[in-house]
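These are the structures, in structure tokens.
Consider the two complexes below, in which chain A is the common component and chain B and chain C are the respective partners.
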Partner chain A sequence: MKRLYGWIFVLPAFILLSVFTFYPIIATLIDSFYSDKTIFRPRVFLGFENYHHLLHDPVFITTLLNNFLFALGTVPASIILALIMALLVSQRTPAKGLIRLTYFTPTILPMIAVANIWLFFYTPQIGLFNKIIGLLGYTGINWLGNPSTALPSLMILTIWKEAGFFMIFYLAALQSLPKELYEAAGIEGTSNWSCFWKITFPLLMPTTFFITINALIEAFRFVDPIFVLTKGGPDNATNLLLYYIYETAFSFLNHSYAATLTVVLVLILVVLSIIQFGVIEKRIHYQ
Partner chain B sequence: MGKIELINISKSFGNKQVISNINITVEEGSFTVLLGSSGCGKTTTLRMVSGLEKPDSGKIIIDGKDVTNKDSSKRGISMVFQSYALFPHLNVKDNILFGLRVRKVNKQEQKIKLQRVEELLGLDGILNCKPSQLSGGQKQRVALARALVAEHSICLMDEPLSNLDAELRHKMRIEIKSIQKRLGITVLYVTHDQIEAMSMADHIILLNDGKIEQQGTHYSLYDRPETIFAAKFIGTPPMNILDKDEMTLLNDEIMLSNKSNDKILQFNFLDIASENQWYIGIRPEDIVVNKSQEGIKGKIVFQHYLGSDTILGIQIKRKNELLSARIRDKNIYNNGDIVWINWLEENTHIFDSNGKREKKYNQTSLNKDKKFKKAS
Partner chain C sequence: MKFMHYLQVTATWLLAILWAFPLLYAFWAAFHTGNHFDLFSSLTLENFRTAMSQAPFLRYMINTVILVTITLAAQLFLCTFAAYAFARINFFGRNIVFFLVLLQLMITPEILIMKNYQILSNIGLTNTILGIGLPYMASAFGIFLLRQAFKTIPKELEDAARIEGSSTLGILWKVYIPLSKPTYLAYALVSISYHWNNFLWPLVVSSSKTVRPITVGLAIFASPETGVNWSVISAATILSIAPLLAVFLLFQKQFVNSFLYTGIK
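Let's look at the complex of A and B:
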């Protein structure tokens, strides 16, 4: 009887997870080994053929490369910015609350709204950036239309959006640092600069690590603004993995190949999660 | 080296006056304790000496130099914090050397100084441990080592033993005191624990509500409390205080009214008697409990057996507080027993209406007759 109760209590969660998480993962994995069923051809087992194709797919290689570039461009920058903002607003600055709110606002906006706002910044003729550049007497750039500036433009938008969110983590961590440590250091005549590098920065390491992993995961899950701003173009310059999966599945209707791409993305995310849980849990626990 | 003077220091936080115009001199090489209950301003005073707080007015002078507006690091002091304030990410060695490294002391000297404190505090074997791996006592030693390694002539300690258990606290009290003697440094020590103050201090400064209540040696604070506050603060259990309402005057005699059995105190002159309110105080160990009907009649309400002695709680009047008496005998009374209490007149402390010690009485006119007065 007791066992039965146990199962009954677990059942709702079990059903939800099975239907919406476990089944899709397994189905995706299986699909990636088959071809799609069409009117002309039945579903055929392909083995690793889809994966083989993956390695020779220039668009996949480009999106993967773009994704790594995107992560490299956004993660460190947004973390450094977040830390600087957190340090600024954790001190006794006038209008502290207002500044905090300003920094945090991008975080509470939906991604699509953010993309729309930035669309107005980046638009070639009437956009904010080109207007400013025009006022200074230079010719504007087609930010999103140029392959060399399109991806960096998306990165800037992401940094703007994420930094405020990460700042909150740093702010919480900064507030939990004992004041006496700084007093003890102050009595020895430690400058603010060395206080930061010798005390604050090392004690923030667990937070930094946590944020880094989360930022990496977010970088690989980045997709929404692409729909609004670039649709992956020009010439796949802003085509990232998740967007490519979407296109493959719903524009090109190649479901089995989309499943294969999804497996790759999930693998990347799983590796990051393992690092997060495995390493963070074990390392850098001070007290 | 190591003399600290605080001149007319005041400090308030917001509207709350924490320190009101105090003057303190801490002698070179002394172990001075700032004693008081929480909120009395003792930690604030210490922090002003350290430079972590700035006084609103007044001067802080260390070794003849005005340091009121100088940074902590320029005052030649070190400090031990209540929470130890060890850097959790650094091992013991790096914690101890933190200050020397900030001051860019050369490597050779660092090594010598580290070795010195390592021996002084018995830190061998834990130099490579992180603070989280240490016991409370070890953390305390490391905190001390970090303060002493710079070899400043002044060490400030803010309730350093309050996080230790009773046994360890006892050991550390002895150790801190002996280190202070050996190094000849000036220690300014903050505590709310009167036992700590009594056992370690050369000089005790008792603070109450931002003012100095009394200062002096432990003997003078215990034997001649200047105020009722001091009398009650020092000593466990505190001094028994009886007020005028519990006594009656008869000619030149004071009687503790207790219907049939009265304790009589005789005064040669009675300036004090004319005042509206005054108090007498008796230390619990000065009270003699007897069953031979001498003194004031009372009932035993509780007995706390402490091993070496027993504390009796005795009710002498229905409404008032219990008197406590310390006796050496064990197990000779039952709760509810009727006993008589008495004391030598020379052990009577008299306080005036403001709670200040009545000097005239206590100095000149105390009846030195050591005989107990018979109940009338």
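Let's look at the complex of A and C:
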């Protein structure tokens, strides 16, 4: 009787998960091996043709490369800034609460709002960045319209939004560090600098791992500001995987190819989560 | 030593000013007209009036509030039952099913956007607020968090209540739910901010102003093609983040704690 209850309790959630997670994953995988049904042609089995096309699709290669560049540009920078913020805020400082709040606030804003806010900095004629450059006597840059500055512009607003979020994990970790180690180091006359590298930094390693994986996952799911700021342009310079999936599915209406792209994204996310679970397992074993 | 302290305080403040600047600048722009930065130009609500007259922001806001409310209510209901089963009932296939549930932590509904849109249109729920919320209602994250919380509750409490004649539902209501309040609060805050901010899925699903949440409304309003004045965009942006920002400022500590708590999965 009690066992039956188990299934009854899980069933509503399980049905919804089946409809919007399990079934779509399997259906997407199957779709990626077929062509789209059109009025002229029925759906036909293609085998790996879509995947073959993928490897020869310059836009896909560009988006994948952009995603890696984006991860490379945002992940280490946000983590280093987050650590600096946490270290600064955990020291004696006037108005500490206000400072912490300032660092954290961007985290809760919608990405769309963040994109709008940063639009004011990047717009060619009126943007603040170009005004500053103008004051220095140089001509401004079209930040979002130039292939070499468009992706970095998106990276900057991402770092601004994420660093404060990662900071709170470092803050929590810093509070749990054993005080005795620092007292011992103090007696031995170790400098703050070597205290940080010999004690704080190694002890923060699990937190750093955790944040890194989370930041990587976010980097591959990044999409919202593209809609407001660049639409993937100029010349695909800011086209990232999820945006390309959206365009392929809803603008180009190429469903089987969108399915193939989705399979790639799902695989990347699965690999990242396996690493994450692996690292967490290890942490439990060591404690 | 003294010098190092001053250096550190200066760095802290410089970074804080840098971090506060974009948002403060948006606030400033929202309350002033014209595209030129003039510190002494007078305050005005003109931009807000213009924004409200050009797009139904109040309606978008109501849509978002409805979306966030029904999604959270359904999540709390579904996740409580599922979490209890995973935590305390030894049913057939429990571990495999739980592992499958965890898949959704990583592969959220918007990743499978094309297929989920097809499914939603097959069941006729596109362009409805319910349709925007539905794929998120069985939240793996909620199930996971509540299961962890339920597992820490001593089994003796449940046994004692059962001896007194409580049913399983009664036990959930009188023992498990009250003792897991902090988890419920943490999850609720994370869910509210997630769905208030969510964009891609609502963008695809909604096509009319009676359904569109605020993020989608704002993105449409602010897209460069519409040529809307810059200060008016600021006003619209401030308008759309104000409620969430106000709640955040009121419950700062709880917010930070719930993000922390839910981040350490």
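Quick notes on this one:
Note that in this section the second predicted complex is superposed on the first by the 282 of 287 C-alpha atoms of A that agree within 3 Å, B and C clash if a C-alpha of one lies under 4 Å from a C-alpha of the other, contacts with A are read in each partner's own complex, and residues count from 1 in each chain.
The criterion applied here is as follows: a residue touches a chain if its C-beta (ideal position, glycine included) is under 8 Å from a C-beta of that chain, and two chains touch if they have at least 3 such contacts.
Given the structure is predicted, the values throughout are model-derived calculations rather than measurements.
Of the two partner chains, neither chain B nor chain C is touched by A:Q175. Contact with chain C, but none with chain B, is seen for A:L119 once the two complexes are overlaid on the shared chain.
More residues of chain A lie in touch with C than with the remaining chain of the pair chain B and chain C.
Touch criterion met: A:P202 reaches chain B, while chain C stays clear of it. In the superposed model, A:G186 makes contact with chain B only, not with chain C. In the superposition on chain A, contact is made by A:S194 with chain B only, not with chain C. Of the two partner chains placed by the overlay, only chain C lies in contact with A:Q91; chain B stays clear of it.
In the superposition on chain A, A:L101 makes contact with chain C only, not with chain B.
Shared-chain residue A:S148: touches no atom of chain B or chain C. Listed in rising order, the residues of chain C touching chain A in the complex are 4-5, 8-9, 11-13, 15-16, 19-20, 22-23, 25-26, 29, 35, 37, 78-79, 81-82, 84-86, 89-92, 94, 97, 100-101, 103-117, 119, 134-135, 137-138, 140, 143, 168, 193, 196-197, 199-200, 203-204, 214-215, 218-219, 222-223, 230, 233-234, 236-237, 240-241, 244-245, 248, 252, 255-256, 259-260, 263-265. Contacts from chain A toward chain B in the complex involve residues 178, 180-181, 183-190, 194, 198-199, 202-203, 205, 285-287. Across the interface of their complex, chain A is touched by residues 50-52, 71-74, 77-79, 81-83, 85, 87-89, 98-99, 102-103, 130-132, 146, 150 of chain B. Within the complex, the chain A residues that touch chain C are 2-7, 9-10, 12-17, 19-25, 27-28, 31, 84-85, 88-89, 91-94, 98-99, 101-113, 116-121, 123, 126, 128, 131, 160, 164-165, 168-169, 172, 192, 210, 214, 217, 221, 223-224, 227-228, 242, 245-246, 249-250, 255, 258-259, 262, 265-266, 269-270, 272-273, 280.
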